[in-house]
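Have a look at this one before I ask anything.
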Amino acid sequence: ADPVSIVYIPKNTGNPYFDSIIKGFEDGCKTLGCDFTTVAPASAEATSQIPFVTAQIQRGVNVVAISPNSPDALNQVFDRARGKGTIILSVNSDMPGNEAHRDAAILPVDFTKTGPSQVELLGKQIGYEGEIAILSATTDAPDQNVWIAAMKETLEKDPKYAKMKLVTIAYGDDDPQKSTTETEALLANYPNLKGIISPTTVGVAAAAQVVETAKKADKVKVVGLGTPNQMRRFIENGTVEAFQLWSPYNQGLLAANFAVGVKNGSIKNEAGTVFEVPGLGKVTVEKDSVIKTQADLTTFDKSNIADFNF
Amino acid sequence: MTSVDKTPAAPGRVIVREAAAPRPRWQVWLIRPEVVTLLLLVVASVVATRLSPFFADLGFILESSTYYIEFAIVALVLTIVIISGEIDLSPAAQMALSACLFGTAFKAGAPIPVAIGVSLLSGLVMGLFNGALVTILRLPSIIVTIGTLILYRGLAQVLAGDKSISGFPGWFVGIDYRMVGIVPVPVLIFIAASILLGLFLGITIYGRQIYQIGTSEIAAIHAGIRVRRIKMGLFIASGLTSSIAGLMVASRLGSVRYDLASGGELTMVLIVMLGGTYIFGGRGSILGTFLAAWLLVIIATGMTVANIAINAQLTVMGLLLIVSIIATNAIYARSQR
Amino acid sequence: MTNAAPLVSARGISKSFGGVEVLRNVDLDLMPGEVHALLGENGAGKSTFAKILAGVHRPTRGTIELGGKPVEIGSPIGAQRLGITLIHQEPISFPDLSVAENLVIGQVGAKPLGRVRWAELAKEARRLMGLLNVPIDVTVPMRGLSIADQQMVEIARALASDSRLIIMDEPTAALTPKEVETLFTIVRRLREEGRTIIFISHRLEEVRAICDRVTIFRDGDKIETATTASLSDADIIRRMIGRPVADYLHRGTSHVGEVALSVRNLTLPGRFENISFDIRKGEIVGLGGLVGAGRTDVARAVFGVAPATSGVIEIDGKPVSIKEPTDAIGLGIALVSEDRAIAGIFRSLPVETNITAAVPKRIAPRGIIRRAVEKVLAKQSVDKLSIRLASVRQPIGELSGGNQQKAILARWLLAEPDILILDEPTRGIDIGVKAEFYDMIGALAADGRAILLISSELPELLALSDRILVMSEGKLTADIPRAEASQETIMHAAVPRSGRHTVSGAAA
Amino acid sequence: MNAVARLFRAREAGILVMLVLFVAVVSLIQPRFFSVETLRIVLLAVPLILVAAMGQMMVLVARHVDLSIGSILGFSAIAAGMIFRDHPELPLAVGFAVGVLSGAALGFVNGLVVTVFKLPSIIVTLGTLSLYRGLLFILSGSKQIDPNDIPEPLIRMAQTSPIDIPWIVIIAFAVAFATWLFLTYSQIGRQIYAIGSNPVAAPLRGIRVMPVTILVFTLSGALAGLAGLIYAARFGYVNPGITGVGFEFTVIAAVVIGGVSINGGAGSVLGTVLGVLLLGSVQVALPILGVSGFWQNAIYGGIILIALVIDRTVRQGGLRGLLARGGA
């Protein structure tokens, strides 16, 4: 039989985060013997991925893995693809409320753990005391909102964090310029601010840059989710003590294994299925066909940053 | 006045400067921008077929065309606006704002027909606003519509935030998957609109007057043509068409967001220019725009299905726009005496 | 200036615009230190010749020698390098720049990155304007200066350059007699410095006052060059016109009827004020004046292109409101405007489309154009006015100027107007076609139409009009019955008497 | 100078009043806005726009427009960033030279196409907006320049200088000053105004319209290139898909607000600086006031339209002239 063909469509081209996912796909397919290609639109706008999906259906690709730019704008084209037997995998983020339109979602970590883990990372640095703020991406980003809700809950419920006060949530739209001005406004509006949590790669880098520029690195701590290559400078010069992330690479690797397995019939796409991924160990398919690559976030700091390159 | 020793000039006697001989008929027919567009269309189809074995499939091309057809429909009206000597760069933003208004009205509990009404009304008001700035305050349309393009999209953002609004009823959603034969409904709308607007421009007195206004606005005013009224009408038509296109996008996607159709102004201008409409007004045709829309579909779809990276696509589109205006300009300069 | 070698010697200069020859085989020698007049009717080719010397146009054929050496004058900068400066007939200016800057900008010798020394610039500008006796602030922007002041700046600019050849194209058209005198003093001084000056004017007394020699053009041909003293006024005029003015048809004024158009106290601030006149059915009323007097503005106001702010227009005794040309057309008014290229033709559109432009209802009663009807109407017009063309589908831009003008007249005849305003209807038209036009105008009046004829050609006005109105600086200064009308009476009323600053274009 | 001062006095006063009013109103609502800290933020936000605005202003004065500056900015930033990344041994100046020169080259192409083919600059630069973005994707291989590839000294330019005002602020105002000198005291500078004021008359007056126009586009490109380096310094990375996208509208907004006439011929450096400051203040004020960022575009669009209407009103002699009919 022909080898399984997989196409991965990231949010947009030129985004380094997705390059690691692509690397994972490539390595996975090398060992599995599947065909892998990747195509991407120029901008991460809601509709820009649609023509790419249609073209892949036409090409007769077996699996379309995609990091969707919109939770719902792609529903119809996905339905059509699946009608023609194409498997649709949502990678890195899911489509909340529209799970029925894709076959499975490959997510990086257990999202319920992200919020508390970030709060703890910051708390440790500021002595669990003082005003803190969150710099998010867009108000509409589903994963962001899940994490922010979890952060709020942790701050309220866990007595350990009782003296930490969340003063505001700002939205930088994953745009460096806007994230910068928003962070500057945070510093201006809250002179006593002790820390900023930015669970988005663009935001955390912008926040770090602002704090460095304002020479407030010792007063205001920045934590968040970032990629090592973007944050290396700030770790090395001490602006940022630590940040977290999962391994995007593993998502690609896992997605490739899962896709080939489902296509071959060796993996059943239903809750409770357990399968083995070389290098990752045993993975379980959860409710709604959600699959997570790892349980906990990796924390990056001076000690280990040199070991990563993505 | 003294008498002069010369015989009075009689009509028959003097040297008469005759009209220049007209260009041969075949030149008039063959050397025109639409022919260039048609040639490009043929070339693009052949190249696309060569590039990817998956391309030559009418059903696929028609399906893919639905992603560009909304812009193409607005481009038809934009063609007329440009022939009249103006330009409208705000339709894509108008599409977004009217679609967001539709979504917001729907979310607020309005029945779909009412929400559609709201959206169409907003198209009318936006067109009216553009038109008023251009025809009453006499501001240049090119910069006015850059201003309103930012304003309208900004208002869409204020209205909808960055949330996408969805949950429209099933009958409203999926216009691009309703087929007549193998032809999706939006494509049918485009074809019908092309025929209607082509006839409007070609055989009605308004079409005639629009060409006259674009050729020389001052001469048109002197000939008693109601220039302002016609231009105002065109801007309103552009607004209305944009809101219809916005609704079509809402139906196709089943959701709306403020960034809907973002960057669409470039695509629309590209289509009109590729169709050989003269940027300075007075010349151009719906046929050209019709062909150019298909040219765009073929090129974009061909490159996408051949997995050609987006960078090459942007480069090709930019080059194509520049080359096409140079060609159009050259052809018109040639026939201009 | 006696037997020295000529400074400029032009040989066989011809120039065509779009196939129409406007200069044919002109030979001309200009001596150092002479003031040389170019004379000729409107459209004779004077400005075109001047522009060829100044590098604005390139001749279609012919050679130019400067100081004995053949030269290519490829551009205005090239001309300036060679020491040739042109004062344009219509003053050209940069409205956003100051007067002082307008005097020097683009001058040769200025280094691109050279420093602009504002204080010195202003000082020099004041000196130049002082020479010309023009008391204006040189630091204000050019925008808002009157045409006359703009003309003075243009003259000052020529003085600032140390050119060997200065060409003045109708510099006096907008000036008061006193200003003309100042200009002449300066021209005399330039002559003494050994510079050559070409002086273009329609006023013979000015030519007599200042020019050593004259060259007369007629319809693109050079007729003669002679010393001024050797020609009488009558000689000059005969050579300029080349035809007996008296032979234009004289119509009787017998069949004049009711008042068709009556204008009362029409005012458009900055352009014209308190204009009142009547035109009767079957009457041809001439409207004369110098360029810029405001005649066109009055016509545009009556036709609704740029309505007056106050005043009353009555048609057949009833006051009417005319806000745009559509209103005027509905009331039976037609305007053949002076600027055919811009306000008349649709250059790239077919002749038939051009002819039927003002009668949409006739070619498209229900909104859909009836091609057959259109074609018939156009063909009939073409036959009636003997418009010479290859096909009615031909773009009108391919026709000669006279035939274009006929097509525009045809457009308005189709509208069957009761009142016809003709603004310089024969500008830039061959003599033969002109004669046809005169016949047509006469016939139209005989038909009972009221005609307002605006013309800068006095013979034309005198020959055709039953009555002549004259405007000067936005005011009606005379209403001369046919019997009393002469070139002198008209010019007398046309020359501005007041200060210079009354006619000012853009209100600041 | 006297003449120039007088020419533009009224307009600049108007913008200054707008700026003062804006600051006053915002400070009343939110007293924290009126502080050294805010001034610092505004000053940091300004250089990027200011440098590019100087170029765009010259283009507008010459009666053209350059929509491609966002893509040029991205291209130059990527080009310079690739030098920094791939040749860290080279001095900073090489990166600057690459950024500015690549911008100048792209601007030169704009000017060439506009003048040689006599095409409207708005359409040409709309085309190159897309073309240059495509080229920059190709050049960069769609890879972004990461923060650790941006040299430390460049980053520090956005933070400090011997006189404790960040270098980029000093550079931006120096560019503005140089532009002012160039436009006010050089022959070419005045010729730019002349061309915009009356394009038909300019060649008759011996002005070489084509080279001057090409120069203007080249300068606009070079300054957009410089803005690319300022971007890299301030944001610490360059992304092919993000850097400079939509930047042209911000800059045109600033310039038009600064009283530069879209009909060419009129506009001053001082006015543009004030326009940029006003826009920068709006940018900074919105989050400080807690106004949703969603308002930003609507406000920009509104201000542009208001500035246009004011421009027209000034030119037509008050509202009456503006609304008067006729005068084709």
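Observations, loosely collected:
The chains carry the letters A, B, C and D, assigned in the order they are written, with residues numbered from 1 in each.
The rule we apply is simple: a residue touches a chain if its C-beta (ideal position, glycine included) is under 8 Å from a C-beta of that chain, and two chains touch if they have at least 3 such contacts.
Note that the structure is a prediction, hence the values are computed from the model and not measured.
Here C-D and B-C were compared by C-beta pairs in contact; the pair with more is B-C.
Each chain gets one centre point, the mean of its Cα atoms, and the points for chain C and chain D are 44 Å apart.
We define each chain's centre as the mean of its Cα atoms; on that basis chain A and chain B are separated by 40 Å. With centres defined as mean CA coordinates, chain C is found 74 Å away from chain A.
Residues of chain C found to touch two or more other chains are 305, 324, 343.
With touch defined as above, residues shared between interfaces to two or more other chains in chain D number as follows: 133, 137, 142, 328.
Looking at chain A, residues 13, 40, 42-43, 171, 173 sit in touch with two or more other chains. All chain pairs that touch, listed by label, are A-B, A-D, B-C, B-D, C-D.
Residues 12-16, 19, 40, 42-44, 170-171, 173, 175-178, 180-182, 184-189, 205-206, 209, 212-215, 229-234, 236 of chain A are the ones that touch chain D when the two sit in their complex.
Contacts from chain B toward chain C in the complex involve residues 1-6, 8-11, 13-22, 203-206, 208-209, 211-212, 215-216, 218-226, 282-283, 332, 335-337.
Of all residues in chain A, only 13, 37, 39-43, 45-47, 50-52, 54-55, 58-60, 70-73, 75-76, 80, 138-140, 171, 173 touch chain B in the complex they form. By the touch rule above, chain B contacts chain A in their complex via residues 52, 54, 57, 60, 63-64, 67, 161-164, 166, 173-174, 176-177, 249, 252-255, 257, 259-260, 262-263, 300-301, 304-305, 307, 309-311, 313-314. Put simply, chain D touches chain B in their complex at residues 65, 113, 117-120, 122-124, 126-135, 137-138, 142, 249, 252-253, 256, 262-263, 292, 294-302, 304-305, 308-309, 312, 322-323, 328.
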